[in-house]
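In what follows, subunit A forms one complex with subunit B and a second complex with subunit C.
Showing the complex of A and B:
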């Protein structure tokens, strides 16, 4: 089963604007190193990953329970995950997601694109988490990539750049893509001349789209990709931004749109890079502005530390807002990098050992997406 | 209480996007200001405050409740952000906001030569480093060709005619620095960073580049070798827009759309800064403001044969405006024939355009893919990695990170 929500195709709303999502997570690669199947002729140095089986369900959970856009509510969630997982659905119980093999991806893509094309005001939402390769074009690898039984070892591979361009044919005038995958070019790939991949859809020069936004994780290496058995760093950043860190106040509402998301993602990834000491970045490619989500409240990633490691080592940093208290006491990690409510906060930096002079607590306004400070001492 | 808030940028301010926020955090207005300019904005409350998005990527909140006339200077930003430290009598962290005014010779000091620990430090370093004073005529330091970046690589800048532009080795051999006589009517230049292992990074530089510097660091915290490149051109506003676009900060970039009309004028008059005009056009394409492009993208395509970007922009304007397919095809193929675009934005659009042309452009597309090799997509300038001989990434002891950006321009005052 690939349609996770609603429970049947007949219940998919197609006569009103809706967000139709297609989420793919691939953690099981039988033909790559450490896999259970016959090894690819050249596994390109790629091994098994654990993050996609956590990232894809986390994205699904947000789409089904967190997404809010009165003008374009969730219309459907198409999902493929390898290895297979059970996805909890809002009505209770769980829906099984089919494995993310190339044939299933093609079938699901066709159904998803058809739903998206049902209304010009629809939002097409695509999220891929798994292995990716880059040789000018961005390739996304399904579960059965590298199957040695096939004469063309690139047959089971998605060419994302061709897919995104091909989606201009789709009638949905807002198209949002997340590529939560590596962009590395293994040596084996450099030496191959017939590197290909299936674009899944094609468009012509006369096809246009009002808003096409792609957000890429530009991580290099497995470590930078995500913590084992958890959501990828990019996935964490996307969810954090969608839940309010990417919010802008427009009238009485907080809004995450394609522009604010691009700006916030880069800043949040920079803070994750600080926290995890990894070269994490994000590469937004946004053309056109469209509203994605209306979070209930704004959130901010607050990053607070002293200006020198010496001061950090002897400091206590306390962030407070009403009854909320976030602190990093002596010997605890600095900087404090926490997602918090937007608004006025008090920052108190103390030096219990008296190494630095007493410093009175200060008030700061935390505005999305990121607050960075405080330069003391 | 509502009122008119007057915001003035002091002469030391670079061009930057300013958001005016109400006390409940609503964005009341988003404007662009540059040194010496001012704007008045209607605000719902005297407690409204400013957020300045500096070209470096840092944003600073400036509050001054009750005051409806605000003068923003780099010094005031510095003081505001470090006010608490100043009050406590401590030496404030420079906060990395203000470029340090140094000479090229000063870059031989330890602080410039030592290894930087992480990407954040690299970006902070380049921000301070952007304040290097121009070389005084007649005091030109000894220039060299093929400049070493420690033991990691050799860097050089070449013209289209393969003539090498001499530069200066700084940072005790860790950095290479070039002062270039930027000419907006000159074809693009090529920066090459070549490692002995057979790995070469090629970065296209706009012909109006005035200064470029490159350094190599092994980032201890991130276990990566990084080559960081910064440049300034003759049009700081274009540099700022490219920085915003590179970071995906389209709201800030969008506040500069008015400047694009100046770029259009620039294109029409004798200065003819094709590079700045191309940056402005890319911005309008991103913002989907096609009518504002009029037909000057066509002039950009036809007048500057050395610039593939002009053809790409004009073709894409026609795609969006449903222009004749034959013209679109003509200009896309012409762009590809001119070589790789200077800006990554152009390369991305060119490749997408050729994809849309389908089988008829297959050969051209494949040729472009072959020329482009391995692209660094998060660079604002087209940057590709070529490998030679028996180079193998599996023999790399650490990942290689290419960090390319326009330097943050300072304001009208010399640093």
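Showing the complex of A and C:
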């Protein structure tokens, strides 16, 4: 089963604008290093990963329970995950997601694209988390990538660039793609003369789309990371931005749109890079404005530290807002990097050893996406 | 432990592989020499210093344009000069070199995993960029240890391509590339790319070699390769003699040491100063580095007491035979004294040589108090000279010899 929500194709709303999502998570690669099947002729230095198994369900959970866009509510969630997982659904119980093999991806893609094409105001929402490669084009690898039984080593492989271009044929005029995958070029890939992959859909020169936004988990040629057995850092950043850090005040509402999401993702990934001391980046490629989500409230990633490492070493930093208290005492890590609600906060920097002058607590207004630093000492 | 490693000829920082080779040597020394005892002093810490004098060595005004490049070279078109000896080595190891064209590394590994690892190590070190040096050095050290412990792993029978072999070998040796607890949605080890490039280069060279006159004779024996590989051999010899002449011409004297002695003596002084106190002073000299070290200890600074001097693939005895050291005594040998005297400030001296290494000389027929140590690098003529420090087995044997010292 690949349609997770609603419970049947008959219940998918197609006569009104809806967001139709297709989420893929691949954490089982039998033909790559450490896999259970026959090894690919060239595994390209790729091995088993765990993060997609956590990232795809987290994205599904937000889509079903967190997404809010009165003009374009969630219309359907198509989902494939390897190894198979049970996805909790709002009505209670769980729905099984089929494995993310190439044949299933082709079938699910066709169904998803058809739903997306049912209304011009639909939002086509695509999220892939798994291994990726880049050689001029971006490739996304399904579970059965590298099957040595096939004469074409690239048969089981999605050519994402072709897919994005091909989606111009789809009638949904807002198309949002998340590529939570690496963008490296392994040497073994360079030695291949006809790397192709499957674009899943074709388009003609007359096909156009009003808004096509792609958000890549890393810049070209680099790796994307995640903590073992948890959501990828890019996945964490996407969810954090959708939940309010990517919000802009538009009239009475907070709105996450395609451009604000791109800016916020870049800012949040930079803070995650500081927190985890990893070379985290991201690469938003946004063409066109569209409203994705209306969070109930704005949120901010606060990154607070002193102006110098020497001061950090002897400082205590306390952030407070009403009853909420966040602190990094003497000997604890700095900067403080936390996602908090937007609004007025008090920052109190103290030097118990008396190495720097006493500064009275200061009031600051935290505005999305990021609040950074304090000017002391 | 104050340990100073004096490099030999053909060592240039600007060339690929310098940093990876240096790091590999450091890792092996730290692994195998730790806690050794010399003269009753324990080597609790092993932090080698590597004085670099390559930038003071010889330069070639026409970039070795004088090397012959005529018909012999044409016979081997398509195979890079410096790969030819390696191709010959593989041919020598395999009973059917022609059958190895499709998957040369895997074929070699099935015959001898250690030889395959050495071939890969050789290729990696040739081209390792400074940015890859750490991962390359870590991989080579780990892969050699793995191959020695698992000479015929079962997985070799289940794979069919060179690329599978590389991936499996890296998986098995598992040198972590990302911070603990973090995983990448991409290559699990950065060494995969340079390793794959090396394997592709090797495969191309093996295929090209198969179409040369060598293949038509059906004989890859190293003797024929001596002719085929004349150009790389000439190049090595040219640089060797060039560096020798530069050193002899510009070494200065005790009161005014030349640039090369000054660099090395400065590093030795720093190593002694950094200590730690109470640990033995060890100097390792490779090739001309051994000659220079001996000259420094016997003439320039006889006041420095070295607990152990290790010359490897060196020409110390050859230089003494032609009386080129500052302290050489032309009257030796004589009826009264058959052997030259090892300077008193060298407490112990181990000299290592491979009989295949044409630049290496035995010493115990020329000097007293030296312990010669034959070591088979299991490589080929040109490669042997630089192979010692790439092999974990070398350091194991060296440690055994150190432990036997009185």
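Note that in this section the second predicted complex is superposed on the first by the 371 of 377 C-alpha atoms of A that agree within 3 Å, B and C clash if a C-alpha of one lies under 4 Å from a C-alpha of the other, contacts with A are read in each partner's own complex, and residues count from 1 in each chain.
Criterion: contacts are C-beta pairs under 8 Å (C-beta built on N, C-alpha and C of every residue); 3 or more make two chains touch, one makes a residue touch a chain.
Note that the coordinates shown come from a computational prediction; the quantities given were computed from them, not determined experimentally.
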item	value
Which of subunit B and subunit C A:128 touches, first, second, both or neither	neither
Contacts of A:145 with subunit B and subunit C, given as first, second, both or neither	neither
First, second, both or neither for A:277, with subunit B first and subunit C second	both
Subunit B versus subunit C as contact partner of A:181, first or second or both or neither	second
First (subunit B), second (subunit C), both or neither touched by A:112	neither
Partner touching more residues of subunit A, whether subunit B or subunit C	B
Contacts of A:43 with subunit B and subunit C, given as first, second, both or neither	second
Subunit B versus subunit C as contact partner of A:154, first or second or both or neither	neither
Which superposed partner A:22 touches (first subunit B, second subunit C, both, neither)	neither
Shared contact residues on subunit A - subunit B and subunit C	45, 183, 186-187, 277-278
Touching residues on subunit A, where the partner in the complex is subunit B	45, 134-137, 161-162, 164-166, 168, 183, 185-187, 190, 199, 202-208, 210-211, 215-216, 218, 220-221, 248-251, 259-260, 262-263, 265-267, 270, 273-274, 277-279, 281-289, 298, 307-308, 342-343, 356-360, 362, 364-365, 367-368, 370, 372-377
Residues on subunit C engaged by subunit A in the complex (per definition of touch)	158-161, 163-164, 167-168, 170-171, 178-179, 181-189, 192-194, 196-197, 200
Sites on subunit A touched by subunit C in the complex	33-34, 39-47, 49-52, 129-133, 148, 180-184, 186-188, 191, 217, 223-228, 232, 276-278
Residue ranges of subunit B in contact with subunit A within the complex	21, 24-27, 49, 51, 57-59, 61, 63, 81-82, 84-85, 87-93, 95, 118-120, 219, 221-222, 224, 226, 247-252, 254, 285-288, 319-320, 322, 325, 328-329, 348, 351-353, 355-358, 369, 372-375, 377-378, 385, 387, 391-394, 399, 401
